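Next, two complexes with chain A in common: one pairs it with chain B, the other with chain C.
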Partner chain A sequence: MKTRQWIESVLSLPSFGWLVLFFAVPTVLVFALSFKSAEYGGTLGTGWTLEAWRHLANPAYPPIIWRTVWLSLACTALCLLFGVPVAYWIARLDPRWRHRVLLLVILPFWTNFLIRIFAWRTLLHPDGHLKNLLVHFGWAEPNTQLLYNNGAILLVLFYTYLPFAILPIYAAAEKFDFTLLDAARDLGATKWEAFRKVFLPGVRIGMLTAVLIVFIPALGSYAIPAVVGGPSSEMIGSKIVQRATLDRNIPHAAALGAFLTLVIFIPLGIAAFLRWRDRRVTRRSHGLTPGVTP
Partner chain B sequence: MLVLGFFYLPIAMLFAQSFNAAKFGGQWTGFSLRWYDELWRREDIHQAAWNTLLIATISTTASVVLGVLAAWCIHRFRTRAQRIHYGLVYAPLVVPDILMGLSLLFLFINIGLSLSLTTIIIAHTTFCMSYVALVMLGRLQDFDESMIEAARDLGANWPTIIRRILLPLLGPGLAAGALLAFTLSIDDFVITFLVSGPGNTTLPVQIFSMMRRSSPQVINALSVIFMTVTFILVILSQRLTRPQS
Partner chain C sequence: MGAFIELQNITKRFGDATVVDDISLTLNKGEVFSLLGPSGSGKTTLLRILAGFIAPDAGRVLVNGEDITAMPPNQRPVNTVFQNYALFPHLTIRENIGFGLSVAKTPIDRVAEKVDEMLELVQMQEHAHKRPAQISGGQKQRVAIARALINKPQLLLLDEPLAALDLKLRQRLLIELEKIHAEVGGTFLYVTHDQGEAMSLGDRIAVMHEGGFCQIGQPAEVYEAPQTRFVAEFVGDTNLIDATCVEVENERNLGLSTTELGHIEHDLDSSRRAGGVFLANKAINLQPGDKAVLSLRPERLALRREPPPFAEEQNTVRGVIEDLSYQGSQTYYHVRVGERLLAVSKQHRRFLPHYTPISMHEDVWLSWFSNDGHLIITSRDQS
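Now for the complex of A and B:
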């Protein structure tokens, strides 16, 4: 038994040590540095202070934080709105087609995401084809600005994260027993009622995963606002990079980073709570009706 | 179908534009390879491409070693320490890139490590190993360990077991994990951008800085080449992960 423990420690040490050193320690460091003061020229002051945290209340920040949160929420909502029907459609396809369509969904997203953002910039550009097309059909004024605003950011966020929403919902839908929908129809439910009351709860876990996979990285966006957003559509990520690399104000960058970490824990906490409640409910219903499989 | 169109529209556009002779994307002035030719003559892009491949190769190798060890330990020893180990492996996947880049940047500044290719490699290894470990964990779950015991009972030594059992059964997972790590490393922008020093660019960082200055058409051409390489890697890894049935 002693040798087994010894082998375990030796084998675990490289990866464990690496992750502690290059993941856990730096994360703690961000929090620690946010309580330091910044001296002129990028050096740190001695002693601890709340100055950087107080700075978050600076009138420049709340609009940026608010914009980051609502853009991420809107993007998540759009991804669910489109992701669920697409996942449903794929899951009902003939199995031979299913994998091909799935590969088609994934493939574009293996291209570098900067390239995809850049492609959108070309497309939305004032002299771009999309703009010309819209003007041609009279759907847009010649001086309409498609690029460099919040709408452009939302569109590209949605484009970037939609497949990440489709995949987990599809994974859940694939395991869903579609005869349940027929059963609901036989019992008098309309098509829409069957979808809403039977299918949606059935893929609940997939939807929850989709929300996390979309919402958390969206909160941390940097490249998308930098490329298709304008100077008045900065997100928290843009500010973090600006503070860390241009201004060299480490405590302010750290406070923003720590703040973002805390914001991310909110959806994670909610998700953990929902899963826990879910499990408890299933366990209880098992107890009440033995022999019924969920 | 509409959604698939939406997915491919920008990419198709980019592809077409890269062969457009016009300097700006507004109109089509004929088929041309001039942007590919210009790309061919850009030394800075060659350097960035070389850096990208070098970083990807080293960090893939390191992350495969670390990731496989992590997966094996988590799978084999189900102790409380391994549960923490699993948490550590999983957490980098949840944290947005920008936070990971920022925290590593602070670490490097604090321990006085100047930003270079080394810091990029460390950063890439850190996030790649988590992906490798999770792919391997998935594989190990389907792996029947009694086979090893059976082989030992029949007198096989460890080299034989590795060669005859572990490699054939876990090899595809290993290759898939390595390819995933390689693609992720090539593709990463935000983390690299934060931990790279002046003069140490990779292709994504180079593309980002080119977006602000140079002609968009060169980026289109570069993107098409870049995309082709990634597609080939993805299709390869798809082949490897597909069940052998």
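Now for the complex of A and C:
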């Protein structure tokens, strides 16, 4: 037992080291930098100060923070709304087709992320194909603005993160026992009730993973608002980049980044709690509680 | 009483294969009906048609005179006990059993009351708060039964409910199922490939093969008087002997000749007659030249070291023990007779210390009476 634990510790050292070096240390650095003062020209001042954190109270920030949060939430909701039915559909497909459709889901990853966003800019451009098509069918006015607004950001966020939502939900759906839906129907549930009361609880861990995988990166996105968003649809990510590269005010950028990290801990904490509760139930079910007799 | 569940000319095809072929069946109110068949016989498809998961290509399903063929599964007065229990893993035992009432928007206190009744019926009170993963297979099966019965279905479908359990537990649950049926009543359709389960539980049995019914009847009828070769072989063990009807001067018996069993003798009119002919009861009408197959159950054959004493209407053959397996309550022999290997089982009614059991390679005599076998007609003489 002890040897085994020792071997396990040794084997996990490389990944542990990796995490410390590229995750823990940078996070601590960002938090540390946020308590420094900034000099002109991008250098750091001496001593510690709360100036950068106080700067977060800048009246320009709350709308940006609010926009970042609601765009990320909306994106997560949309990804779930589309991801769950798609995952359900793929899991019920004939196995021969299942892998082909899964390949289609991950096909966009073959193309560079930035190229795909720029492609959206071309599509949504006032003279772009999508715009022309919509106008042609009378679904849009010639002066409708498709680009440089919150809608464009949400659309591209949704487009980018949908595969990340489908995959974990599909992984859960693939293990789901579909005769349970028959059982629910047999007992009087409508199709929708069976889906809601039996399928959704059955894939909840997959949905939880999808929420984390979509919501957290969406909060920190900056390339998408930079390319398809306008000056009035900035997100926190855009501001961090602006503070670090244009203003050359590293402490301000660090404070914003640290703030974002703290915000991310909220859903992460909730997810960790739910998983812990779930594992406790499973562990009990494996007979570790006395009094379970066959 | 009388016709309660009616299946009228049900047919279902999957591609080119006709899985259920023009089946009609009537179930009486309150009866337990066993549907017995090997895998692939179409019994599961028929069950799913009754539950409403599959629409038949032709035919109608009636419950109490009402046509439910087009009714979705959630509206049917039919509930199912699934083969692998299909309990909802995220719900407790209590919530599983109450599921049917909850989706029917029954008031909570009423649900609680009914669930308590069901928990008591299946003796699962102390497990009510557990999840399915925390209870054993037999307990899961009880919960599945309770969950299906809480809606008071007109028809309860049981899809091989005991297949995943071990023998002892299966026997116990069979007895429990009978008790539950006695207590709650209702019409049960029990689908299984196990003839023991089908016979012990069913008031009647239908033997299904290749999408159709071979025979419908009471368990003893099906076992003792199989109407087809398939039924004789599938329900219990048997020896099938092909024979041709010949002239015999007797009003109660038919004479049948076969080349399969070598030297056959029969006892008639105070004399033992050789000549390769055995006697069979005139239960069916056969004319000389007609072909039939005799189904002779292993337990009906008497096995002796000495020639059997003369007895009117007795058939006798000689053989050699080629294989035997001692099974405690009985010994199972394979006896080489002519060109055939006959299965014979001998009950150990008493065990005498001085008795030397019949062993391998011994020469033995086998005998049976004309009413011990059952004749199945295979073809009429065309000449």
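Annotations
The rule is simple: the second predicted complex is superposed on the first by the 256 of 294 C-alpha atoms of A that agree within 3 Å, B and C clash if a C-alpha of one lies under 4 Å from a C-alpha of the other, contacts with A are read in each partner's own complex, and residues count from 1 in each chain.
The rule is short, and it goes like this: a residue touches a chain if its C-beta (ideal position, glycine included) is under 8 Å from a C-beta of that chain, and two chains touch if they have at least 3 such contacts.
Given the structure is predicted, the values throughout are model-derived calculations rather than measurements.
In the superposition on chain A, A:114 makes contact with chain B only, while chain C stays out of contact range. Partner contacting the larger number of chain A residues, of chain B and chain C: B. By the document's definition of touching, of the two partners only chain B reaches A:162; chain C does not.
Of the two partner chains, neither chain B nor chain C is touched by A:57. Residue contacts after overlaying the shared chain place A:246 against neither chain B nor chain C. Contacts of A:197 after superposition: chain C is touched, whereas chain B is not reached. In the superposition on chain A, contact of A:8 is made with chain B only, not with chain C. When both complexes are overlaid on chain A, the residue A:183 reaches chain C alone and has no touch with chain B.
Contacts of chain A with chain B, set against its contacts with chain C after fitting on chain A, share not one residue. Listed in rising order, the residues of chain C touching chain A in the complex are 51-53, 72-75, 78-80, 82, 84, 86-90, 99-100, 103-104, 130-131, 133-139, 147-148, 151.
Note for the complex: chain A touches chain C at residues 177, 179-180, 182-190, 193, 197-198, 201-202, 204, 281-282, 284-287, 289, 292-294.
Those residues of chain B that touch chain A in the shared complex are 3-4, 6-11, 13-14, 17, 24-26, 65-67, 69-70, 72-73, 76-77, 79, 81-82, 85, 88-89, 91-92, 94-100, 102-107, 109-110, 122-123, 125-126, 129, 133, 183, 186-187, 189-190, 193-194, 203-204, 207-208, 211, 216, 219-220, 223, 226-227, 230-231, 233-234, 238. Residues of chain A touching chain B in their complex: 4, 8, 11-12, 14-16, 18-20, 22-27, 29-30, 33, 82, 86, 101, 103-116, 118-123, 125, 127-129, 132, 159, 162-163, 212, 216-217, 219-223, 226-227, 237, 240-241, 244-245, 250, 253-254, 257, 260-261, 264, 268.
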